[in-house]
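Take a look at these structures.
After this come two complexes, each holding chain A, first together with chain B and then together with chain C.
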Partner chain A sequence: MPIYLIALGAVGGRTVVNSWPKPFLPPADLSFGTIRDFLDIAGVWSSALYSVEAAVLCMAFSILLGVPAGYALARFVFVGATTYRLLVLLTRAFPVAILALPLTVGFIRLGLYDTPLGVSLMHTALALPFAVLVSASLFQAIPRELEEAAWVFGCSPVRAFLRVVLPLALPGIAATAIFAFVISWNEVFAASVLTVRHKTLTAYLLSVLSESPLHVQFAGGFVLIIPSVLFIFLVRKRLFSMWGIANR
Partner chain B sequence: MADIVIDNVTKSFGSFIALARVDLHVADGEFLALLGPSGCGKTTLLRIIAGLETQSSGHVQIGRRDVSALPPRKRGLAMVFQNYAVFPHMTVRQNVGFGLRMAGADAVRIERQVARAAALLHIEPNLDRYPAQLSGGQRQRVAVARALAIEPAVLLMDEPLSNLDALLRLEMRAELKSVLRQAGTTTIYVTHDQTEAMGLADRIAVLHAGRIQQVGPPAEVYARPATTFVGGFVGSPPMNFLTLPVENGCVRLGALTLMSPMGFESQIVLGIRPEDLEPAEAAEGFPFTLRVAEPLGSHIMLTGETVGQHLRVVVPPETQVNIGATMHLRPRRDRVVWMDPASGAAIRRREAEKLGTEAAGD
Partner chain C sequence: MNARVIPYLLIAPSLAFLTVLFFVPLVQTVALAFQSDGTWSTATFGRMAGDLNFTDAVINTFEIVIIVVPLQLLLALAMAMMLQHVRGGRDIVLWIWSIPLGISDLAAGLVWLAILTDKGYLNTILVRLGVLSGPQSWLSYETPATLLAAIVVAELWRATAIVLVILVAGVQLIPKEYGEAADVFGATPWQRFTRVTLPLLKPSIQTALILRTVLAFEMFAIVLSIGGRNFPVLVSEAFNWQYNQQDFSVAAAYAVIVMGVSLAATLIYLRVLRTPAAQR
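Right after this comes the complex of A and B.
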């Protein structure tokens, strides 16, 4: 419903946005003019590109760091495993607002300030706890015997992981990746604090749209939603078709 | 040649001792069943042989090669897991060929071996299906075929039939026996089901609380249990044990006088299988008060008491029985075993016989 309303505002033009009650059916004079106008605003395309860049990097970092950590949590018994689990969650306990200033200073020193890489690192910090915990429970759901069978039938531990565990965990890992992507795509605060000229789409819109008319804002919002919704739908289909959710 | 030597293997988890100085030798081509109640350490022992668990001390040799420190893939063995552990994301064909592919065998050989293993276990029609589309019994066959396809020198099986229903289990048991006899593989088979162990194995090793109680052919373990535990665990119904007073080297049981082994002055345990007791006249038997009679078709199982102790008897189906009545029984003398009441260990038969004849000569 909210998505429908936003879409309506985006394609309906000025009159529909300001009318009340909202028409239930889309009005006849649908026009993508507003969206086109919006896309013509200087910098939208380049900031969208930064957004994608940051989100993809964030996704990659979250998976590369989160999946091994999750595997370790699921399979190995080590001192402080429970504490570690808690600490992973605790990273989310600090408000970004408090971290923003020291982060900005630190990033300027490292030369990461105002780069998509810097933003993606920040977003990774936000997405990683979920990546770790979700993949831990993924691996826990895969019976240990499968891995042991692989070892017995000639696999080294690494090969067993690649041949048996990873294919089984892949749907879940893909979901985790999407999740990281969406977190990064939607995040505004850190992105606007950490960048000046190379703003991600959300941060850019925040600064530009506050000065634009309502229907352009709707158009911006709509454009913003499309990728994440599309992404989720695409992957969901893949998730279900992968050999069924219930494969045991 | 792949015999298995387990030399003084101990495994402890913290202060809990799962296996205590286990020694075992499995000959090439032999089928050995590791039998014991749950928690006795039989699965731990199997996993140590497989290399999935590391022993706290001791050595494992397979085919004269010390494999104690080798990872599972270098031990030259195959394993069938309790829950099958067939890979859900591979077809049956890929599952069965998995070991060969990992070993880098060429496609022709894989194809041939897979076909052979599949034929042996009658799963050819399912080769291109996924495990999720198969029943439990079929998955079990896939797991066995996967193990046999690599032509292992040693095959380890961890309660492979325990997840099947009773009828299927009976069918698979017979089939396994013939398949493995054909393959001539050295096999260690873990089970808690004594009929399975009796039916399948060349030899049975009975494990209790991390120690091997007895190793021997099924008939011997059944007839001559080494401890009261073995007698009680192997055989259904279990062996009867009567703790009886000893007087002048003899045990009196009703009208019977049995010569007991020397060295036991106050008490001794008499062990007798339920089917080794037969109805007798009062003058040549001991009294038995019948409490429950269960007609089981092929025989009647009687439960009751004698000299205040619990006793089970198996009699032919045509026997006349009256609940609550006292009947008289006689043990088949050559089937009686004597146990030490303190340790529960059997008093060796030859010794007992010799001592018995000496006592008779007095």
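Right after this comes the complex of A and C.
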């Protein structure tokens, strides 16, 4: 319901936002004018692109680093497994602020400051613990016997993983990837601190918050919401099983 | 390859990544906060505490956490219990309830701004119902109570979903037989809830509370978009010191405080809500 209202604010443009009392139905001359106006404002298009870029990179990093670790946790008994698991869980107890601040300095030195790559690295640190734990639970749910059967039939462990385990785990991994994307897409603090000119959409919106007219803000909020709602729709089936096991 | 090496090879990349991008910055921030002019001191904290907004920020942050987190837990519990009795359309209800999960705090703040501005939808309804004669402002500096209420409502709307998801996932793990057994022994629905469901949900409740409390202490964009600088909280002050005043040390000091309270809350939850190993 509130989303519907911001959508009105977004497509209604200046007239609706300043009108009083507010109409509850979409204006007769429904247009995507404000959204277009909004997208025309210098910086919005490019910042949305930076957002996507950072989110996609974050997605890739989280999966590439998280899935192997998750597999290790699920399939092997090794000294330090519990410690590692605890360490990963612990990262969730620290606020983003404490990480983002010193990284500014470090990133300037490395030339990563103010780049989508830098932002995505920061976001990966947030999404990675999640990716590790969820993929661990995914692999745990796949019977070990399937893999062993593949070995018996002469598959190398790597081949068995690629041909047998990976296809089974793929939907879950995809859901994890989408989650990493959403985490990065929505993150505000680190993105704002780590960028100046190449701002992501959230950082850009935050920086113009106090000066831009309301309908522009609403349009921005609406643009921010659309992908999230779509993604939640895509992963809705997996949401509960993911969290249920990530709990343990 | 030696089977004992493989797991370490598999976790090594993620461990290296977390070390560089997590543990190193963590130490750096703490060092930054406790140093001034190259020596160890608490001067930065003095500078932070001397700032006009500091006391407000602390009070506001705690107010929000203390109001929002218990309300969210109750609300999510009620919603999860209601869901157990919903037959048709359960998936749709779940989907709608979990939509806010994917919405950033910034966007959520903007959504509620649209409703609560002077010429917003709430005022329209109230005037039409005859409760108010004209537009009333809710979010200004003069109305701190309604400003707080607005932020609480926005937070409730946005972040109850995550608690709900964790609890529903927890409820699904409870064997149905336990509840049925309680029924057989003549338990009322309330007894069944407090004696059977609640204790079994404890691990989920613990996870949800830890996650939510940490995130509530971190809350910042939703506050900035609804209240602007009228409603300072800890993280928005950190952001302000870092971004507008370019004083990295004080920003780091704020971050350390946020970390301190988050860790303290986590430890308290872990202790108070711990499940004895025998009950697992």
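Heads up, the rule we're going with is that the second predicted complex is superposed on the first by the 213 of 248 C-alpha atoms of A that agree within 3 Å, B and C clash if a C-alpha of one lies under 4 Å from a C-alpha of the other, contacts with A are read in each partner's own complex, and residues count from 1 in each chain.
Here, contacts are C-beta pairs under 8 Å (C-beta built on N, C-alpha and C of every residue); 3 or more make two chains touch, one makes a residue touch a chain.
It should be emphasised that the depicted structure is a prediction, and the values quoted were computed from it without experimental measurement.
Colleague: In the superposed arrangement, which partner chain does A:Thr124 touch: chain B (first), chain C (second), both, or neither?
Modeller: Only chain C is touched by A:Thr124; chain B is not.
Colleague: Contact-wise, after the overlay, does A:Leu205 reach chain B, chain C, both or neither (first, second, both, neither)?
Modeller: A:Leu205: touches chain C, not chain B.
Colleague: On the A-aligned overlay, A:Glu145 touches which partner chain: chain B = first, chain C = second, or both, or neither?
Modeller: In the superposition, A:Glu145 touches chain B alone.
Colleague: In the overlay, answer first, second, both or neither for which of chain B and chain C A:Leu168 touches.
Modeller: Once the two structures are laid over each other on A, A:Leu168 reaches chain B alone.
Colleague: One more residue to check, A:Pro68. First (chain B), second (chain C), both or neither?
Modeller: Only chain C is touched by A:Pro68; chain B is not.
Colleague: Using the superposition on chain A described above, determine whether A:Cys155 touches chain B (first), chain C (second), both, or neither.
Modeller: Only chain B; A:Cys155 stays clear of chain C.
Colleague: More residues of chain A in touch with chain C or with chain B?
Modeller: Looking at chain B versus chain C, the one contacting more residues of chain A is C.
Colleague: Need the overlap of the two footprints on chain A, from chain B and from chain C, as residue ranges.
Modeller: 243-244, 247-248
Colleague: Please output the residues of chain B touching chain A within their complex, sorted ascending.
Modeller: Per the touch definition, chain B meets chain A at residues 50-52, 71-73, 77-79, 81-83, 85-89, 98-99, 102-103, 130, 132, 146, 150.
Colleague: Per the contact definition, I'd like the list of chain C residues that touch chain A in the complex.
Modeller: Listed in rising order, the residues are 3-4, 6-8, 10-11, 13-15, 17-18, 21-22, 24-26, 28-30, 32, 91, 94-95, 98-99, 101-107, 109-115, 117, 119-121, 123-124, 127-128, 135, 157, 165-166, 168-170, 172-173, 203-204, 207, 210-211, 214, 217-218, 220-221, 224-225, 228, 235, 238-239, 242-243, 248, 251-252, 254-256, 258-259, 262-263, 266.
Colleague: Taking the touch rule as given, give the residues of chain A at its contact with chain B in the complex, in rising order.
Modeller: Residues in contact with chain B: 143, 145-146, 148-156, 159, 163-164, 167-168, 243-244, 246-248.
Colleague: Provide the residue numbers of chain A that touch chain C in the complex, in ascending order.
Modeller: 2-3, 5-6, 8-9, 17-22, 24, 61, 64-66, 68-69, 71-73, 75-76, 78, 80-81, 84, 87-88, 91-106, 121-122, 124-125, 128-129, 132, 182, 185-189, 192-193, 202, 205-206, 209-210, 214, 217-218, 220-222, 224-225, 228-229, 231-233, 236, 239-245, 247-248
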